[in-house]
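Just below sit the structures, each encoded as structure tokens.
One chain, subunit A, appears in both complexes that follow, with subunit B as partner in the first and subunit C in the second.
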Partner chain A sequence: MEDRRTVRKRNSGERGLALLAALALGLYLVFLVLPLLLSLRSSFTNENPLKAQNDFIGLANYTEMAGDDQLRASLTFTLILAFGVTIAANALGVGFALLLNRTSLSYRVMRTVAFLPQVLSGVIVAFVWQTILTQNGLLNTALVNLRILDEPYPWLGSPHAALFSIGLVVTWVMSGFTTVVYLAALQSIPLELHDMASLDGVRGTQRFRKITWPMLAPGTTISVTISLITVLKLYDIITVLTGGGPANSTQSTALYIVKLAFTSDRVGYASAVAMLLLGISALVALTVTGALRRREVSL
Partner chain B sequence: MTTISRDTRDRPTAGGRSTLTPPPHTRPRRRLSTRLRVAVAAAVTLVFVAPIYLMLVNAFKPQEKILANPLAPPWPPTLDNLTKALTRPDNLIPLGLRNSLIVAVISVALIVPLGSAFSFYISRKSGKTKAVILLVLSAGLMIPPQVILLPTIRILTWVGLDHSYPGLILANLGGGYLSFAVFVYVGFMRSVPDEIIQAARLDGAGGLRIWWQIVMPLVRPATATVVIFLTLWIWNDFLNPLFILGPLQGQTITTGLYLTIGQYSVDYGQLFGIMFLAGVLPVIGYLTVQKQFVAGLTSGSAK
Partner chain C sequence: MIRKPLLAAGVAGLLALTAACGSGDGGGKESGETALTYLVFETPSLDAKFWDDSITAATTQTPGVKINKIVAPSTDRDGYAKQLQQSGQFPDLLQSITPSNFVGAGLLKPYDKTWIDANFLLPSANSLKGEVYIPPTNSQIVPQVYYNKKLFTDAGITTAPKNWQEFLDACAKLKAKGINPIELGGADPFAASMPLVGIISADILGKNKNWLQDRYADKVKFADADMVTAVNKYRTLVTSGYFDKGALGVKYADSITRFTTGKSAMYPMGSWFLGSVPKDTADNFGSFPWPTDSGDVVVPFVGGGSMAISAKAKDTALAEKFGQAWSLNPANLKALIETDGAFPMIKGKTLEDYNVTVTKVFEESYAYVGQDNNKVSAIGWATNDDALPAGLNDAFYAAAQALFTKDDVAGELKKLDEAWKTAAQ
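Moving on to the complex of A and B:
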């Protein structure tokens, strides 16, 4: 028989734990679920902090989005960047992982270094790349000094070059992450599989296609999904590198939402665009992850 | 997928050639190809880290030498850039580092017990409610922060904590960071044997004590992962401090750099000095806990 004091002590412990769990859930509800609902509600209004009264305007914000050229440009930019960076960073990650997948000291040092871009904040990364890419920056100075270019090239100053430059910087950052994921995936491939392949005389590209690549599938799923989500909500690198310019050409949807809400004071419309970005993120994440998961099974 | 922490030291790595009984006559060729491989890998790695190399060497070079040859090593090195960056009248670096440290440490110190207690509590429940709650929580990993930023500030205004450090920390506690902590902890809690908990209950220990004295020591790798990644993410966060804190409350290191650096963009010496000082702490941290860092990343992504 348990004595009453033990039971009482145990019960108070149960309550304490439940209280802590409830506190965590409460914080999540207040600072994530509630803002989400408020944002949804606000997307049906013409809310504006400069106006005394806000009215429900039904779906007007959503119909306005259909004819918004800035929004369309921002979505195009965001999706090109997201898919471009995801493909490039994952290709580089696989290549890097294959190259660095050895265990001697020199390779371990290189692996450590390869992850460094992930450790620095986007703000620092963007400032360092800005000194390289800006009009009178280090790259143009070097290229002009070496007489490769006659005059500085606007790496960040023309729309197409700026898209490319941002893609380059974000790919650079994401590659550190994808490399580590693919390295782990490579090391989870049973060694016996490779020994068997050697005995059967399967080598080189064939071995990569038939054994390594299919065995990397779980790593690919996680690496591709996280790359996509990260780029879809990217804010700091673009803000520092170009601020959305030139002429809004690098204004991602995330930047557009913040501009609408904090600079144009169009809170209602900003909320509607935010709902759209949320929907696109969810759709992309779910379909791509689903497809990659099915691929894991079929390979 | 297994974790990288499995000992792989003596293993000829997968993806490479098997080293089982190499015929002796291939030895010299192999040595040459091994060297070639290291050289190629080193060259690729060097190109890859060039921007970080630039940040490192140019922090110790005067402006004219940076422009003459940004890739040259800093010889003789100068500390002018660093002292100038540290003695700015606006105290950008010391204040920024202090504020970032306060926000990151307090946020993580609160998210860890909240996240793990919640995970322990929910992992002992079963059924639909648990599945739904975990699904709602995992959504937090995916929601772009721009979507909830403005309503979050409004909620903080209602409780009188907008544009304050407690407000920023509170927003950190409830957002996607908590989702991440729960995501990691729930995965680990599954591997805690039920018998241990039952035995502790028979000894009269309540939930709170079992969680703190028995479960927490067992899930230490999860705590390491959560602490390392959340510290880094909150330290590097830009959007929340920029708008929740606003310009009047002093800056974290990221927003401070963004809001003050514009006018220095042609003074490369000064810029690299500031970047070096702002970036050196996370890099040192990463190098010290590198093993747990990689293990956490890979075990987290395996679940």
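Moving on to the complex of A and C:
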């Protein structure tokens, strides 16, 4: 039989845990579920931030989306960027992780450096890259001075180059995260597997293909899914680098939503677009996670 | 057993969070004074010290007021004001906003017209349906064409162009001499639109001052033939290579540096550029109005101004008094004239009264304000009845950037008509 002190101690521990859980639940409800529900409600109205009264308009906002060219363009841009960055950042992440998977001090320092872009604020990263990529920026100055280019190239001033430039910057940021995920995954591979492979004469790319890559599968699932979701809702870097230009060609869906709500005063329609983005993000995340999980099992 | 405490703590947590989230409004009575919130924005010229000093001066003249300054996170104070309104924190006073965005919702209180008429040169410069929500303390010309006299001389151009053909000739001569004719900070959408603002204001509004009112009444369209012809002039400038090929990658701030350091010969920009003219080389710069075919002078004009008053301010009379004191303080205008190229519009005062040091090109540009000429609303910049519907500026800027690379003038203008339809709903 437990004595009273033990029971009291256990009850007090449970209360402490309950308090923490309640706080987390409260935060989740107030800052995630509630705004989501409010946004969903708003998507069925013609809400305008400047008007006190708004009307319920049913599915009008959702039907309007079908003919919205700007929305279509922003979704296309966002999806291209999301998949492009996810592939590039994960490839780089695996590469960097393989290079940095050592235990000496210098490698630990380099790991920290590799993670640095992920720690910096997106706005700061974008400002730094802006000084590099603008017409009179460091990159053009270097390329022209080295006579690689005759005249400055519009890295942010033409639709295709701006897409590439944004992709490059976001990949740089995301590769810090993917590197750390793959490093953790690499370090969880039992050394015995590599030892046995060595004994069997399996080396180099074959060892990577047969052992390392399959064992990285759980890390791949996390890294790919989070990369995709992060880029699908990207706002800050694009806003600073190009503001969605030139001519809205780099306008992400998140940026379009903000412009709709606070420039065009169409909060209701912006909420409907936000719901669509949420749906697309959920669909993409579920599909990709499902596929990668199945791959984990089959490996 | 864990469920009860979990539920209780959950409710408590939620209540605590709700209480924490219930914001104070930043205003109210504070030790006998009425606290008012005042939305301002900072730029390199209008820095924190400028606002603090100007608030202190106006507060001294308005007993009983205490100002709580709110600084907009960017120069887009309209957007920020809307966000504040959305979260129930609409400021009591709002500096340099676009009143037309807020008047429809009944959020602003007009100034006393007698006071406006008594104190300003153009009392109706900012007028919206007969009411004035922002005292017209100053004005701008958007755009004027600034030019580098030395580069003009180098290219054999002896006088500033007076009409469109002379303008094209000057561009051709400059290009032939290896000088970039026109500077464009195309990476910033508003700056990218400057040539288009000039062309439309001069060629369309110059011939029909009421064009924007007619557009509201659906009597004219952007896709009309005269507009297409006018906007094709912009394509002529682009296809002739009179802008830097990479102009859409040039930031507005860089475009100022490029022009003032002689990288380009001409710079169509709002007259706020005058605040950036380097003092030591100021005499090397001149200005002329955006040229028309006939050579008739058209001045795309914008009534600038100080602050608007929230109709929901705690004490609207006190807020108005503060706004009046701030608006008539010559020290505030001095800073705006010297650093922001603002043309003062207070009655009975000359430049000397503001104790300002201005350049020759400033005086040259300011002369167009006082002259009896064809002043029209600068499209996209007007803060009066000619203001564009909310959201249309973005579409206009996007069209300007698109037309830098696309030939489809009629298509882009049709898009503007479609955007207008949505925005005006």
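Keep in mind that, in the parts below, the second predicted complex is superposed on the first by the 265 of 299 C-alpha atoms of A that agree within 3 Å, B and C clash if a C-alpha of one lies under 4 Å from a C-alpha of the other, contacts with A are read in each partner's own complex, and residues count from 1 in each chain.
Keep in mind that, in the parts below, contacts are C-beta pairs under 8 Å (C-beta built on N, C-alpha and C of every residue); 3 or more make two chains touch, one makes a residue touch a chain.
Note that the structure is a prediction, hence the values are computed from the model and not measured.
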Partner chain in contact with A:P152 - subunit B first, subunit C second, else both or neither: second
Partner chain(s) touched by A:N136 [first = subunit B, second = subunit C, both, neither]: both
Partner chain in contact with A:E14 - subunit B first, subunit C second, else both or neither: both
First, second, both or neither for A:A247, with subunit B first and subunit C second: second
Touched partner set for A:G219, first subunit B, second subunit C, both or neither: first
Which superposed partner A:D265 touches (first subunit B, second subunit C, both, neither): second
Touched partner set for A:L50, first subunit B, second subunit C, both or neither: second
A:R294 touches, of subunit B and subunit C: first, second, both or neither? neither
Superposition-derived comparison: subunit B or subunit C, residues of subunit A touched: B
Which of subunit B and subunit C A:V30 touches, first, second, both or neither: both
Common interface residues of subunit A - those touching subunit B in one complex and subunit C in the other: 11, 14, 17-18, 21, 23, 25, 27, 29-30, 130, 134, 136, 261-262, 267
Of all residues in subunit A, those that touch subunit C in their complex: 11, 14-15, 17-19, 21-23, 25-27, 29-30, 48-52, 130, 133-136, 151-159, 242-243, 245-248, 259-267
Of subunit A, residues touching subunit B in the complex: 2, 6-7, 9-14, 16-18, 20-21, 23-25, 27-36, 38-39, 42, 96, 98-103, 106-107, 110, 112-117, 119-125, 127-132, 134, 136, 138, 141-142, 172, 175, 177, 180-181, 183-191, 193-195, 198, 212, 218-219, 222-223, 226, 229, 232-233, 235-236, 239-240, 254, 257-258, 261-262, 267, 270-271, 274-275, 277-278, 281-282, 285
Residue numbers on subunit B that touch subunit A, as the complex places them: 1-4, 6, 8-18, 20, 37-38, 40-42, 44-45, 48-49, 51-52, 54-55, 66-67, 70, 113-115, 117-118, 120-122, 133, 136-137, 140-152, 154-155, 170-171, 173-176, 178-179, 182, 201, 204-211, 232, 235-236, 238-239, 243, 253-255, 257-258, 261, 265-266, 268, 271-272, 275, 278-279, 282-283, 285-287, 290, 293-294, 297-298, 301-302
Contact footprint of subunit A on subunit C as seen in their complex: 1-2, 5-6, 9-10, 12-14, 16-18, 21, 79, 82-83, 85-86, 101-102, 104-105, 107, 186-189, 192, 244-251, 254, 257-258, 390-391, 393-394, 397-399, 401-402, 404-406, 422-423
